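These notes open a run of structures that come right after.
Both complexes shown next keep subunit A, but they swap its partner, so subunit B is in the first and subunit C is in the second.
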Partner chain A sequence: MAGAPQWVLQRRAHAEEQVESRGLPQPHWEAWRGCDLGALTPSRLTSVAAPALASSVAPAAARGAGAVTDPSSDPLRGPIGLLPAPLCDAASARLLFVDGRLTSPVEASEWPPGVTVSVLSGVGAADAHDTTATTAAVTTAAAPEGSAAVASDQAASLWQGDGWAASHLGAHAKADELPLAALNLARTREVVVIHVAAGIEVAEPLLIGSYCSAAAAGQAVYPRVLLCAEPGSRIGVIEWCSGAAASDYLHIPVYELAIDRGARVEWTRLSEEGEVGRQFATLRATVQADGELALHSHLDGGAQVRADLGVVLAGSNAGADLSGLVLGKDASYLDHHTAIWHCAAETYSRQLFKGVLDESACGLFDGASHVAEQAQRIQAEQQCRNLLLSDTAQARMVPRLEIYADDVRCSHGATSGELDEQAIFYMRARGIDAAVARLLLTEAFAEGAIAAGPCAVAAAYQRQQLRRFLPGGEAL
Partner chain B sequence: MAADKSDEALEGLAQRGYSAGFYTDIEQEFAPPGLDESTIRFISDKKREPAWMLEWRLEAYRNWLGMTAPQWQKVRFAPIDFQAISYYAAPKRGPASLDEVDPKLLETYAKLGIPLHEQKMLAGVQEQEPAPGTAAGETTKPRVAVDAVFDSVSVTTTFKEELARSGVIFCSISEALRDHPELVRRYIGTVVSRRDNFFAALNSAVFSDGSFVYIPEGVECPMELSTYFRINAGHTGQFERTLIIAERGSSVSYLEGCTAPQRDEHQLHAAVVELIAHEDARIKYSTVQNWYPGDEQGRGGVYNFVTKRGLCAGARSKISWTQVETGSAITWKYPSCVLQGDDSQGEFYSVAVTRGRQQADTGTKMIHIGRNTRSQILSKGVSADDADQTYRGLVKILPSAAGARNYSQCDSMLLSDRCGAHTFPYLDVRHPSAQLEHEATTSRISDEQIFYCKQRGISEEDAVSMIVNGFCKEVFQELPMEFAVEAQKLLEITLENSVG
Partner chain C sequence: MLRIEDLHASVAETPILKGVQLSIGPGEVHAIMGPNGSGKSTLSKVLAGDESYTVESGRVDFEGQNLFEMPPEERARAGLFLGFQYPVEIPGVNNSYFLKAALNAARAARGEPEIDPVSFLKRVRERAQWVGLDDSLLKRPVNAGFSGGEKKRNEIFHLAVLEPRLAILDETDSGLDIDALRAVADGVNRMRDPQRSFLLITHYQRLLSYIEPDYVHVMVRGQIVRSGGKELAAELERSGYAAFEDEEAA
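Take a look at the complex of A and B:
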């Protein structure tokens, strides 16, 4: 740990203290009610001792095999080949964590102008088995022509105690409030910090992947990313989480987004965990005045996945558009916990989450809109819709409103049901086979959520995955 | 305008009264404060209960000792010292008949608008025009049988004999334990068990009175039944237990009302209500709750921690809860329906008004077990001043509940910028054919609405009252007609001067 800035060490020590004093989530905590916490046992939470070498990484789960390139068959791509090809090809730049470690150094030339990516490596967990940790902070920066000096200043001040990274790391996903964010900060091995300079608009999305290999079985992986979007900037990120099919790893990623005045971030989460893999992800964003966050979350696969998405609308006219789709099969437990804090006047939030649940899957949506006393004239909408395809599937919904201001427009709606028999009859009367009619209607149902996402590339990929998910869907 | 308005509002608040806040100085006997097994033996002995009932209570007490008070609700209050409460308080002179009721008690109920004389109706209700077909000059008087519970005992029950002619049993639960022990034993604790929750366990151990209703097969109860609860003594709690059983094909409409004197101390009211509806039976349970809410600073007021649950045991049975909640410093209750019989139906209609420093965490639970069960929830919350109000509800559709249907609507209205309105619905669906819809909105009275009314010569106060009444109308429509009037008036008094 020598070599990491003092404030980072202090913050990690504080996080570790929080883990020890507050403990792990308990089933009687309201935010964890009904959640299976069996996997969150101290013995499972040690970070992976020796991360898998890229060359030994097995391809992703068979479910996504069509999309994920087997690295052994594509030696030129290296471990990056683990990332789904359609996403990889469309991205402006790529980053991949395997078992919590970046697979390759960050090259400045790979990043769009104005985007600075820095990595604090070797912050490696304080645990004794962390023998491979290096201790140097690697910073690679690139900047548009004419602003090289600015970028280099930023790089230099990045890890100073009064620098901007210090003001954001752990400030959004707070260790004092979120036990898993504390755990992540205490045990993460590499922190990736992405900085988007003021006024920069990046057309193509960045792709950040995190993959848990078979080596992570029975252990935990803690990737961490901090994104700072300076005033007036605009950037899209596709975040992809996956893992080896038969590996019972625990994926605990944390993402912090600091969105400054007038900036817009489009963040798309694609979670495609392995059959027995588990994920407890935390994303926290703070949006300043006139800033916007478009956040989309796609959960498909994994024995248990919980995406905890929280947005603070801190300045007036700040807005958040949240959407998501859950595709549940087998006995998977897929959970979206969302919370929007309206802390300033004239802020808005919209949430639309849908679930298609088959076999014995359980989908949970627990969404909250909090409106502070000073947050007058805000708008908060929330919709949650579920489609149950089998007798044993379950949908749970807890749409919450917590309001302390009187001049507000808040609403929420939640529904659950099966496919409309009349609609099926209508299609059959027009010569469409019942099975195809069901597929089309299910696809149409899911499309509402997919289309609400901000990224066209990710949406195309989601449609492809949806057809793979639906029995007989590939025939469509 | 804002300054003028707030001055007026302050003046109004200072004058704001709680008309039921008086105290009746009557000779009473008390159990010494504190709770242990001897307290329970004392209560059971006073009631001359059968031995099994004492054992039942003691087991509940032992359960309670192992339980901790729940913390999840969104209300704040200092921990309750259960040893500082007297668990039994009763007027010394127990009446043998209505004529022997202590005149002070009659006066108390008369002041509350609840005459205990059978020839009269509830105050505030106008006589209706003769119904078509009745002889000229003969007015139709909606009659209501009343069971009056004063602190820990029932002082009288009216119309008992007339009800008995139809086979309806309406009496205090203490009397039921003496006269119909087999019925009480068969049903008590079957819907709300002694382990159900902390306050239900406490109630099971120390309940002192309450009402018992039994409607035999095929009988439509000839009149509305009502229980009026009054806490009078200080340093006491009220722990009543109500049990209503509707046999096959029967129906009953029941109403409860409640008030307490104005005091600086908080008083605990922890009741349990159990309803059982057999095949094709219908129970309509209405509450107009007006316990003392405490003063503007939050001093005093009743803690209303109540467990109410109905079991639709038989096919096509129906239980309907309607509540108008205006009182109590803290209200915390979730009248629920367990829809066990196929095609059974549960309904919940609620208006909750909080102002001053009142807090309410209330809602309902609908548990769908039988096939084609249906439930409807309509909740209207109005918050003013510094009050905090939460709707919390659960709709659970179990794998056996094919074809279940639920519709929930929760609307909140905020009348000040310091109050809070929260909605926490829990929806749990485990059958694909179930259809469930939930909607919630939050709004306030807009300046345009007020302006519109004022332009037409309606005062601001009346305009607010009118708009709030309109907001709550769908719920008031569900109340028995006589009580809808009372509820509307209560709402007006409660919200007086609350806009500013």
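Take a look at the complex of A and C:
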């Protein structure tokens, strides 16, 4: 299968039109109020020109991560080692974008039975603005065993105009509504589609990484992933975003999750951007009846990171558990914008976001729960807690409830404060150093958010990263 | 073991302790009794190093060291233990892990290696039994969600595991039912040792029926106005504190 399907090209053209007609986010737009938009300038939104592979990324050994597969089997395995080793080791399969391009071909043998992965690559490779590219190619892989016949059929129909990629690409993160999703669709170089067949349960998580190298400095990177979980399926994904320390790249990933009836998706975002890197991520999920999304977002590092997480609960008894942890220091600006749309009766959403903010970091949580008139007997809970470790750290919290139904249970709470001096004294009076007492209490605070995430592997990694984040934490 | 000389201390510029004198020898059990607001709890917090209290003057020597030159954690590692009147909840910090960290901090200060996990587990289980502390509370965060009685038992459990030289128990008996009081007292009595001293701070004579003190002191308006043997507690029970209101420090 060669050449991008016509419908993809049309959607990209439409997205580009949206970018040109609506423009970039403006500070007076409600969703972007208070957000520093200085980095979103046309000159910086140019897509990185060349794929950055092994030659332009740090070797794995230098970061201590360790490659997970035999480098000799594939010349492109080197960059895979950029992925954190503990996550790599636990994942059932891995994908890594470097500067918006996949670093290794999709191999059928890697994917769990019932999971089909397809990549539309080379779209607009010559020029990020060229939406009429003809160099696109699709590669598809599905597990060869067990479900080969089904997978083969799916591969053939995947990119057809009436296939599920066409049904969902751009249908959740809509170009008409989200300017950065439009920008991403117009300029992404590769689109990854992951399909989980009905009833399939994948025990180990998939790992999808996106890394911005030094070559991306001053430019933008647009990875895009679409996940379709068919009825009754279950899958976990760890999504990791990072970049080179001194590279002032702009990372604009978009993730769309289509969760069908009774399916469960456990999605863990781990954002660990380079110290001057910036990220504006968009995730949009639609959950059908009896489906569930467990979504966890960990923001650690980067000059500016905004994770825009939106969930539509479209069918009755659909649910979303959102949680997150923000670790901010220096002058970083770390922002969770969440929105849950309760569109059906007896849906539920639970949100717990925590922030540990040190030095001059600023953490923002803006959480909205929208309840439609027909969405009776829903439950929506939202909690945001922040711990300020310095006098100059800031926490801003904006809970929003928009309720049109009359039989609902909605609650929200937002707090920020310092460590409990009584608890510190109690611990010191038992012989524990003041510094250790502070560390233990900070860890205990963060643990509530970490434990709320759906993935044990990611949680263990978060605990490790938390100790690196806290001064003196590694000595514990 | 402990010598307090002319101790004056204040909180938020209000004088509370106004010249406390007290000496505690090795193996002795002292009880300080007094009405509300007399400064009993302030004395315990000042001895433990609570920075919300200001020491205005006076001196306290503990095992030959000037206590006020030591931060709270050093005092604890040197063997001074405060059982809190209101034990603090520490959500997220496992009770057993916390105790191990505390125990190892004291051992490190003495130049000893960390306790091995098997010995620690054995000691923890044994001492939990002494005070009737349910095993499940060892795995829970320190004091989080504990009942009032469980919190007090947990304080004595910490005391039993840490084996301090001097234990100050600040109204450990308040809010306890008779069974819990007996369990707490049993724990303390098991810990009595010729080298270990106790300072019990209490309103009521009741605790002293279970833990027999060597000396009883009456504190009124920030001073110890009368000291005596255990019979003084019985006298207090009969006469109340009013009879001591007009007494000056000895």
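Throughout what follows, the second predicted complex is superposed on the first by the 439 of 476 C-alpha atoms of A that agree within 3 Å, B and C clash if a C-alpha of one lies under 4 Å from a C-alpha of the other, contacts with A are read in each partner's own complex, and residues count from 1 in each chain.
Assume contacts are C-beta pairs under 8 Å (C-beta built on N, C-alpha and C of every residue); 3 or more make two chains touch, one makes a residue touch a chain.
This is a predicted model, so every value here is computed, not measured.
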| item | value |
| --- | --- |
| First (subunit B), second (subunit C), both or neither touched by A:E443 | second |
| Broader residue contact with subunit A after superposition on the shared chain, subunit B or subunit C | B |
| Contacts of A:Q422 with subunit B and subunit C, given as first, second, both or neither | second |
| Subunit B versus subunit C as contact partner of A:D391, first or second or both or neither | first |
| Partner chain in contact with A:G38 - subunit B first, subunit C second, else both or neither | neither |
| Residues of subunit A touching subunit C in the complex | 420, 422-423, 425-434, 436, 440-441, 443-445, 447-448 |
| Parts of subunit A lying in touch with subunit B, wherever the complex brings them together | 28, 30, 373, 376, 386, 388-418 |
| Footprint of subunit A on subunit B - complex, ascending | 72, 399, 412, 414-444 |
| In the complex with subunit A, residue positions of subunit C that touch it | 48-51, 71-73, 75-77, 81-82, 84, 87-93, 98-99, 101-103, 105-106, 109, 141, 158, 162 |
